[in-house]
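Same chain, two partners: chain A is paired with chain B first, then with chain C.
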Partner chain A sequence: MSQKSQSKITVFHCINVFGDGDALPAVASASGELNFIKLPCSSMVKDVFLMRAFEAGADAVVVLVCAEGACRYVEGNLRAKKRVAWIKALLDEIGMDGRRLALFNVAAGDARSAKRFIQEALSVAAALGPNPAAARSRSDVALV
Partner chain B sequence: MPQKYHIHTKTAPPRFHPIGKYATVEFRENCAGSCRKCVKKKCVYNIFKENLLHMSAMEEPEYLYTCMSCFRCVQECTKGIFSRTINPDYRTLGDAYWRAENLHRLWYQAHTGKIPVSGAGYRGPFVGTGFDAMWTDMSEIVRPTRDGIHGREYINTCFELSRRETRLEFNADMSLASETPPLLELPLPLLFRLSPELLINDHVLLPMARAAKALGTLMFVHPQDLSPALAPYAGHLIPCLTQENIAQYGETIRNSRVVELADAPGIEVAMNTVRTIHPDVVLLVGMALDRNAPARAAELVHSGVDSLHFYADDHGNELNAVQPRFLKEMIREVHLKLVAQGARQKINLVFSGGIAMAEHMAKAILCGADAVTADHALLIALECRLCGRCSNGLSCPVKLDEPLDAVWGSDRIVNLIAAWQSQLIELMGAMGIREARRLRGEVGRSMWFENLEKDHFGPIFGERKVPGLG
Partner chain C sequence: MIVGEQKPISEIKQIIAPYQKVLILGCGTCVKTCFAGGEDEVAVLASALRLVCKTEGKRIEIEEQTVERQCEDEFIQESAQAVSRNQAILSLACGAGVQAMARRFTTAPVLPGVNTTFMGVLEKPGLFTEECSGCGDCKLAVFGGICPFTRCAKKLLNGPCGGSQNGHCEVSSDIDCAWHLIIERLKALGQMDNLRVYLPPKNWAASLSSGPRKLIREDHML
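Coming up: the complex of A and B.
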């Protein structure tokens, strides 16, 4: 069986963190495959999105939210934090390791910090190995 | 009574969830739960259910929304958990020319075959760049009983792709002495072309060729893209050849009604070779729409070519220029050059690039074109999001790089063109013009921002120092 050469990271971010004109944090393609998903507010990061990201093969999921007190919808980032905490617990419970999911507060347009957080997630994903759910679904496909 | 040209439309829903303009932000934790007045259940567009179904079906997580922005949920939720916002993906859809609202309208037209209605009046700016700096004269719209919607079926949108003899000669017995060239008339001043910048494969070519046949129009295609699957549509394809590959595609020339040759020195010899292979073929010469185009058109007009095809870039700008002019100025220049030579009636002019809306087709004809081509718009009808991933060798988010139902694709393109034709007829009806050929070069039936500004403000403020709207 061929081993996956690089980690796949799905990044959910609030549009107010990286807007239309802002450059998304660039991470060398050799380090990992990044999939950015824009949200109108980080509070829209529903459980189904996070779980679907893992189901689609992401080795780690990063949620970038506004700095505390800077949310345009007042408490959207706090709600995102609660949901991420709940999904982390769920991941631990099903044996997928909650460390695969992380939430970070980023100031608007601060691509440098975001890049650091994504690289951090990449190293965690590398340490934890490939997403077992993705490996499982691959073997299911092979059986079919 | 001759049969009227009518385009039959059939609703063709999108395969993928479209990127909506509006979205709602929802603080779900504040929801009362099983509320009897739940606005999600009351949504007249059933948006919440559709979004939920999409979420359960999506392969990769994607945030797409189709809120219609009626504000009902925002106003009526007893807990006030909703806020309306612009969908972030919508904000980055398309580019400066192919704007998100254009893509949205094209998707709608491809889906329904109907003219989009923007709703509560026109809220945009009254002038913009390019074709938006040009208004058409709609004065006849005040007489709807005479010229309006009831006269639609008598409006002719045909144009000719074949050359015309301007002078006929007769024998003593009044029989025709002059040799008349073959006549090729198309029902719409619109041809199809594949965007060279975007995806070209059999999966998208087949529905386009099918739609071209259904509409009675033609599609430009490079010979290397021709496949056996396209053989039934050969009569509706225009192979774009060069002097070097004519001999290689002799069979293709024999099977085609129209052939395009790329402009190059010695093109007359190549044209003769093509006419030797197929004497009745209609010949086009394709060239870049750059500063040399008007002069080159004036040279070629007497060479026996049927039509000239000018290629601008995908934003409708002049090629090979530091400060490119827009399509409308370029069309004027080529058209007027031929008018000045007294040769405009001999030849037809087709322009490619930047035709993004139905009104662009009408405005290009008003500037002096005989016909235009639809390129990006055809792919957009097939749900293309102009994300540019295909140009970088990446997978297509709406799977145009995989086999698709050619009937469905063809229906979408036919719907789009039906909506464009309806708008052209609406516009011509409002102008009191019943022939698309009569519309050609009729700039007197349009107003141009630059001219109006000069006429009204020129005497007060003098000449504009900086061109454009800035």
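Coming up: the complex of A and C.
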């Protein structure tokens, strides 16, 4: 499916899920373009970061957080979960489809599960088609 | 603080539809605290509107700025240059801020992006509750610091209605009975005799019912 091979996914992840020494989930490049952004804690994934990822052309955005109860900062992953839910609703409101954004709990270093979640996001992105805002050239709309 | 909530994107889209260059102006005081119009909310709204416009193929330029307080001329002057660069201002301040901007910038359309809701407090993270109606004739000293005019659904000033159950209002079980709270509070303070104090009919002339109010402090005027 041609759309699937073109999907761009931005992955925000807590460094306690995948730190500097850990291998990031290897997903075949043919499946899509992955852009990993690491955060000191998933609670740092502010609303605007998620929105800007879509503005930058992501077809889907994935947030990988620690398992519930395993956050080093106690409630960072819970805060991230609430923010993601809020932005999913906003994406629905603006016609972008909230399914483009997903949060998954992953145990530290569990690249296998992370890979499965990213592939799931790629499938959703392929089913939904390209980011409707990115489908038009960036130069169509001036940004300040 | 003044509590408000951002208007739905569909309404904001409609409000800004005639314009191609829009300044989204946040306010860094009350509406920032209630997550309606601070710097972060300006950024998210700007991003959402850009995405919507790109999706719909509409050309728009959005500039973002946040000033400390939109209800004071001294602070809103900082936005003068940004205002001059744009066709309209979408203010994420309360209604007072929107009107202060409109007064300051007489030729620029100033549009509201927030529904100003009430004067209240942050009861716990994410929960804002209305506590004051700004009636201009405060009797909180008698009521143990709990306002029956604002917090009683029936606005009773002379004791409970008798319809509350387990400390909750009969209008809605989500509402605490203000008179239950007042009596509990006065008991704790040992001031139950306050309920025997004769209060003359409330002076509603000091409230908004008599039209927009002014507070004049001659000692601060030059």
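Quick note on the criterion: the second predicted complex is superposed on the first by the 131 of 144 C-alpha atoms of A that agree within 3 Å, B and C clash if a C-alpha of one lies under 4 Å from a C-alpha of the other, contacts with A are read in each partner's own complex, and residues count from 1 in each chain.
By our rule, contacts are C-beta pairs under 8 Å (C-beta built on N, C-alpha and C of every residue); 3 or more make two chains touch, one makes a residue touch a chain.
Since the structure is predicted, the reported quantities are computational estimates derived from the model, not experimental observations.
Of the partners chain B and chain C, which touch A:R52 in the superposed model: first, second, both, neither?
A:R52: touches chain B and chain C.
Could you look at A:I15 and tell me whether it touches chain B, chain C, both or neither (first, second, both, neither)?
In the superposed model, A:I15 contacts chain B only, not chain C.
Figure out whether A:G76 sits in contact with chain B (first) or chain C (second), or with both, or with neither.
The first partner, chain B, only.
So, A:R112: does it touch chain B (first), chain C (second), both, or neither?
A:R112 contacts neither chain B nor chain C.
So, does A:M96 touch the first partner chain B, the second partner chain C, both, or neither?
second
Between chain B (first) and chain C (second), which does A:S43 come into contact with in this model arrangement: first, second, both, or neither?
Touch partner of A:S43: chain B, not chain C.
Pick one for A:A133: touches chain B only (first), chain C only (second), both, or neither.
second
Touching chain B and also chain C: which chain A residues?
Looking at chain A, the two contact sets intersect at 46, 48, 52.
Under the definition above, what is the set of chain A residues touching chain C in their complex?
46-48, 51-52, 54-55, 90, 93-96, 132-134, 136, 140-144
In the complex formed with chain A, which residues of chain C make contact?
My answer: residues 8-10, 40, 43-44, 47-48, 50-55, 57-64.
Enumerate the contact residues on chain A facing chain B in the complex.
By the definition above, chain A touches chain B via 10, 12, 15, 20, 35, 37-41, 43-44, 46, 48-50, 52-53, 56, 73, 75-76, 79, 82.
Can you name the residues of chain B that touch chain A in the complex?
Those residues of chain B that touch chain A are 23, 25-29, 55-56, 58-63, 83, 85-89, 91-92.
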